[in-house]
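Common to both upcoming complexes is subunit A, partnered first by subunit B, then by subunit C.
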Partner chain A sequence: MIEVRNLVKRFAEVTALNNVSLQVDDGELFGLIGPDGAGKTTLFRVISSLLLFDEGHVEVAGKNPVSDYAAIRQMIGYMPGKFSLYQDLSILENLRFFTAIFKTTLEENYDLIKDIYVQIEPFKHRPAGKLSGGMKQKLALCCALVHKPRLLLLDEPTTGVDAVSRIEFWEILKRLKQQGITIMVSTPYMDEASLCERIALIQQGQIMGVDSPEGIIKTFSKPLFAVKADDFYSLITDLRDWNEALSAFSFGEYVHLTMRSESSTAMQVESYLFSRNHSSVSVKAISANVEDSFMYLMLKKEESQ
Partner chain B sequence: MLQLLVLSYTATFEIKKTRIAIVDFDKSSSSRELVSLFEGSRFFTIPYYPSQMSEAEQLIDTRKVHQVLVIPEGFCRDMQVNHEVSLQLVTDAVDGSAGALRSAYAQGIIQDYSQEINTTISGRRVSGPIVATWSFWYNPELDYTTFMVPGILVLLVTIIGMFLAGMNVVKEKEMGTIEQINVTPINKIQFITGKLVPFWIIGHLELTLGLVLAWVVFDIPVLGSVGLIYLVASVYLVLVLGLGLIISTLSDTQQQSMFISWFFLVLFILMSGLFTPVEGMPAWAQTLNTVNPISYFIEVIRLVMLKGSGFVDIKSQLVSLSGYAVLVITIAVWRYRKTV
Partner chain C sequence: MKAFIKKEVYHIFRDYRSMLILFGMPVVQVLIFGFAITNEIKDARLAVLDHSHDEMSQRLISKIASSGYFLIDRRLESANQIEQVFREGKVKQVLVIPSSFGHDFTSQHQTSVQIIGDASDPNTANLLKNYTAAILQSFQMEELGKLAFPIEVKVEPLMFYNPELSSVYLFVPGTIAVILMLVSAMMTSISIAREKEMGTMEVLLVSPLKPFQIIVGKVVPYVVLSFVNALMILALGAWVFEVPILGNLAFLLAEVLLFIIMSLSLGIFISTVSPTQQVAMLLSMFVLMLPTILLSGFVFPIENMPVVLQWFSHLMPSKWFIIIVRDVMLRGSGIAYLWKETLIIVCMTVFFVFLSIRNFNIRLA
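Presenting the complex of A and B:
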């Protein structure tokens, strides 16, 4: 559905996208994971034909977003990261407006948005600007779906949305995927990555890896420990000073410690920490999650540069 | 800075070139002497010497001249037989302040001539001073409000139109809604039309309200055709809204748009001839005024409202405005980018 090869997009000073290549298959739920400022929105804008790029090759359903932008705009549903509907129009007015622009009717594709729409229907006469964050997202999704797009581009749809609404939102995406819509979604939340079929990790305009969440985790080949002690701050600085340690990041109340040597054990870590006078030390060997993998790939990239 | 430089020159109340038509029924040496005084003055040019009153009236009606001086038959003879002689001076006073100035200039020349006669024909006492009976046409009381109301009406329509349009697209940019619109298959012309039509209607409503107020409160009815005003206004509004939309598509924030809009508005307004007569401005400023939409519409609305001019009289302004409007809208559509 989407084919991006060696894409480069520069703004005056910064290179927002640096040699990006990725592929999204038909009917896939594809996640673009990366911190703020990584280039997620820029990539979305290029794919949705809103932004011209400098180098590389981009194809959306076999169409070029530069020359064939009209065909692409007819076919995609794009939901920008910032709420972009008319705040002074009500839910119903916004929907009618977008259906009119796409020369369709609300009734025609109602089955597609029904599940979502029924949740916001009780407020259908309320201005969009007065809706809660979760309802705004649902409305925006409805508006992106009214013309039955083949490809749905969602730029950080869950940012600023409460935990319950986030889970609901991903449930909705799964149902849409079952209806054959290809979905590309970006998020800064690593925990949402495992909900996608395949993910691309992006950092500073570069793709660090494209794989299934499991596949990404498999690239993490080093021993990983969750470490806890009384003095959290000196714990993390001591671990970072240790030359056996590859990296140490805080992760909730734990420090996730990655070791250089494949044969490192929890015992080793404990004895090091005792030598540094830490009390109530707990060290557990754990398996990596997407965030650990992200940090690891980022570190590897920095080292190789 | 630019405004200070340009506007200081244009904000002058002095009238340099008054076009006067002289109807000489006397054709005597005395009348010719008076005419030559007008010819010699740096304030006057005499493009026409009509032979009949009706011809002169037509000249002033069509704005070809600002003034008509009528020298009656027997002017020379009456003067010599000590009769009081009278001249008739008609001044177009649609622009009250300019009209008063022109009338004063002309009377000054006549006064000079009168005194000259008294001194040169010594021995024979010429008691009869030359009395110029003057009249102001179209705005008999030189009423400032009569003159200003149509102009201010134009101003309000312009400001509202330019700001509404100027703020609109840029607001969508700030809100981010433009991004959502841009990914839809809507095309540029549809978008610009959609932006234009509501404000165009608002502009007409405002004009209507203004015309009613002018009539009810200031007692200034439209002498000419109301339809003609609306015809010109409809073209004019497209032009002004188009300018606003261009500014809007070029700006990134509402402040930017506001600043640029004000820059042009202040320039346009002060050069438009609303407060000071355009004829008094230096030549380069008058040339600059050919791209000033406000000056066209102010001229038209004053002509139609106060003077009752018809279609033929304002045809050239209408043609200019139409061409201008087409150009501006084309640029607006072209400049609007469906990318971010």
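Presenting the complex of A and C:
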């Protein structure tokens, strides 16, 4: 569905996308994972034909977003990261407006949005500006869906949305995928990555890896420990000073510690921390999650540069 | 397209500030320009220093007092007080009558009075001087008539098209131009810039809507509203200030419509170069409003401007529009006399439409 090869997009001083290549298959739920400013929005805008690019090759359903932008705009549903509906229009008025500009009716594709719409229907006469974050996103998704797009581009749909609504939102995406819609979604939340079929990790305009979440985790080849102690702050600085340690990141109440040597053990870590006078030390070997892999890939990239 | 227009109407009618600008401004402006900023002076305060105290001087003073232009504020006792009354600020003019006024007038048929004006406001001082001179002349005629003076040449000025020199006649065309500029150009440019600012332009762009559909959808409600506004101003002018419409009303309205379309295309052009509502607003203010008010001949006569500013005034669409409206309303002129001005506005419209289409970006940035 989407084919991006060696894409380069420069703004005046920064290179927002640097040699990006990825491929999204038909009917796939594809996640673009990366921190703020990584280039996610720029990539979405290039794919949706809203931005021109400097180098590379982009194809959406076989169409070129530069020359054939009209065909692409007809077939995609795009939900920008910033809430982009009319705040002074009610839910129903927004929906009717977007159905009208796509020359369809609410009734025609009601099946597609029914699941989502029933959740916001009680408020259908309320101005969009007065909705909660979660409801706004559901409405925006409805508006992006009303014309039954083949490709859905969602730029950070769950940012600023409460935990319950986020879970609901991903449930909705799964159901849409079952209807055969290809979905590309970006998020800065690593925990959402495992909900996608395949993900691309993006950092500073560069793709660090494209694979299934499990595949990404497999690239993580080093021993990983979750470490806890009374004095959290000196724990993390001590671990970072340790030359056996590759990296130490805080992760909730734990520090996730990656070791340089494949043969490192929990015992080794414990004895190091006792030598630094830490109390109530707990060290557990754990398996990596997507965020650990992201940090690891980022580190490897920095080292190789 | 219908949905777009409907949406735009919702925007306008739900925003009480734009409603206020749309319907409050025209009324307020016409009333302000009509009542407050007039060039006519009524009841100016006059002080009299009468040295002669004779019957003739009394008759002169009562004639001045009954003219409607002056109120006799006080009578002065000596020339020393003149400066003082001016400093107090209320008295605008002092009339000094010499001691032998009546005697000289009857015996020598020649006498003089002195008019001292407060020229810190030169326009007022000048106008008052002219009023007084006119009153004096008619006074002289009356008095001499009693004495059966043999020959007299009487000047009877007749002012064509605006016999009472009423300045509200000038302000109605000017106000129409300003209001239409404000509503059409400023409101559309702001409303398009708002779409950019709120991010909704991004969604509109990825939709299959074509640029001209977006623009026409934006513009149609404002065409209607501006036209209603123009009608309101004309009605206010006709009923409140009794400004005549001598020309063909249909022709006048057609010209108004043309000017509305011109302003809208200008507004669209402004919106294509401004990324935010604030920029659009400032641009409209400084590029449209101020020149429209100052350089179009609305407030200051173009003939009195330095040559460079006169050139600039030719670039003001409102200048030509004001000429058209003035001529149609007050002279009853038709297209035969005004085709040149009309053509200029048509050319400007085409120019701005072309620029807007060329500048309208089908992509972001």
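Heads up, the rule we're going with is that the second predicted complex is superposed on the first by the 305 of 305 C-alpha atoms of A that agree within 3 Å, B and C clash if a C-alpha of one lies under 4 Å from a C-alpha of the other, contacts with A are read in each partner's own complex, and residues count from 1 in each chain.
Following the convention adopted for this analysis, a residue touches a chain if its C-beta (ideal position, glycine included) is under 8 Å from a C-beta of that chain, and two chains touch if they have at least 3 such contacts.
All of these numbers come straight from a predicted model, not from anything done at the bench.
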Clash-or-fit label for the pair subunit B, subunit C on subunit A: clash
Just to be sure I read the superposition right, which of the two partners does A:A70 touch: subunit B = first, subunit C = second, or both, or neither? both
Quick one: name whichever of subunit B and subunit C touches more residues of subunit A. C
Report for A:L50: first if it touches subunit B alone, second if subunit C alone, otherwise both or neither. both
Could you look at A:Y189 and tell me whether it touches subunit B, subunit C, both or neither (first, second, both, neither)? neither
Thinking of the overlay built on chain A, is A:F232 touched by subunit B (first), by subunit C (second), by both, or by neither? neither
Which superposed partner A:F123 touches (first subunit B, second subunit C, both, neither): neither
Output check: A:F251 vs subunit B and subunit C. Expected answer is one of first, second, both, neither. What do you get? neither
Have a look at where A:Y272 lands relative to subunit B and subunit C in the superposition and call it first, second, both or neither. neither
Once chain A of both complexes is superposed, is A:W242 in touch with subunit B (first), subunit C (second), both, or neither? neither
After superposing the two complexes, find the one stretch in subunit B that runs into subunit C, choosing from 22-30, 40-48 or 130-138. 130-138
Shared subunit A footprint, subunit B vs subunit C, residue numbers 45, 48-52, 69-70, 73-74, 76, 78, 80, 82-87, 98, 101-102, 143
Contact set on subunit A toward subunit B in their complex: 45, 48-52, 69-70, 73-74, 76, 78, 80, 82-87, 98, 101-102, 143
Would you mind writing out the residues of subunit C in touch with subunit A in their complex? 2-4, 6-7, 10-11, 14-15, 198-200, 202-209, 362-365
Which stretch or stretches of subunit A touch subunit C in the complex? 45, 48-52, 69-70, 73-74, 76, 78, 80, 82-89, 93, 96-98, 100-103, 143
Subunit B - residues contacting subunit A, complex: 175-186, 338-340
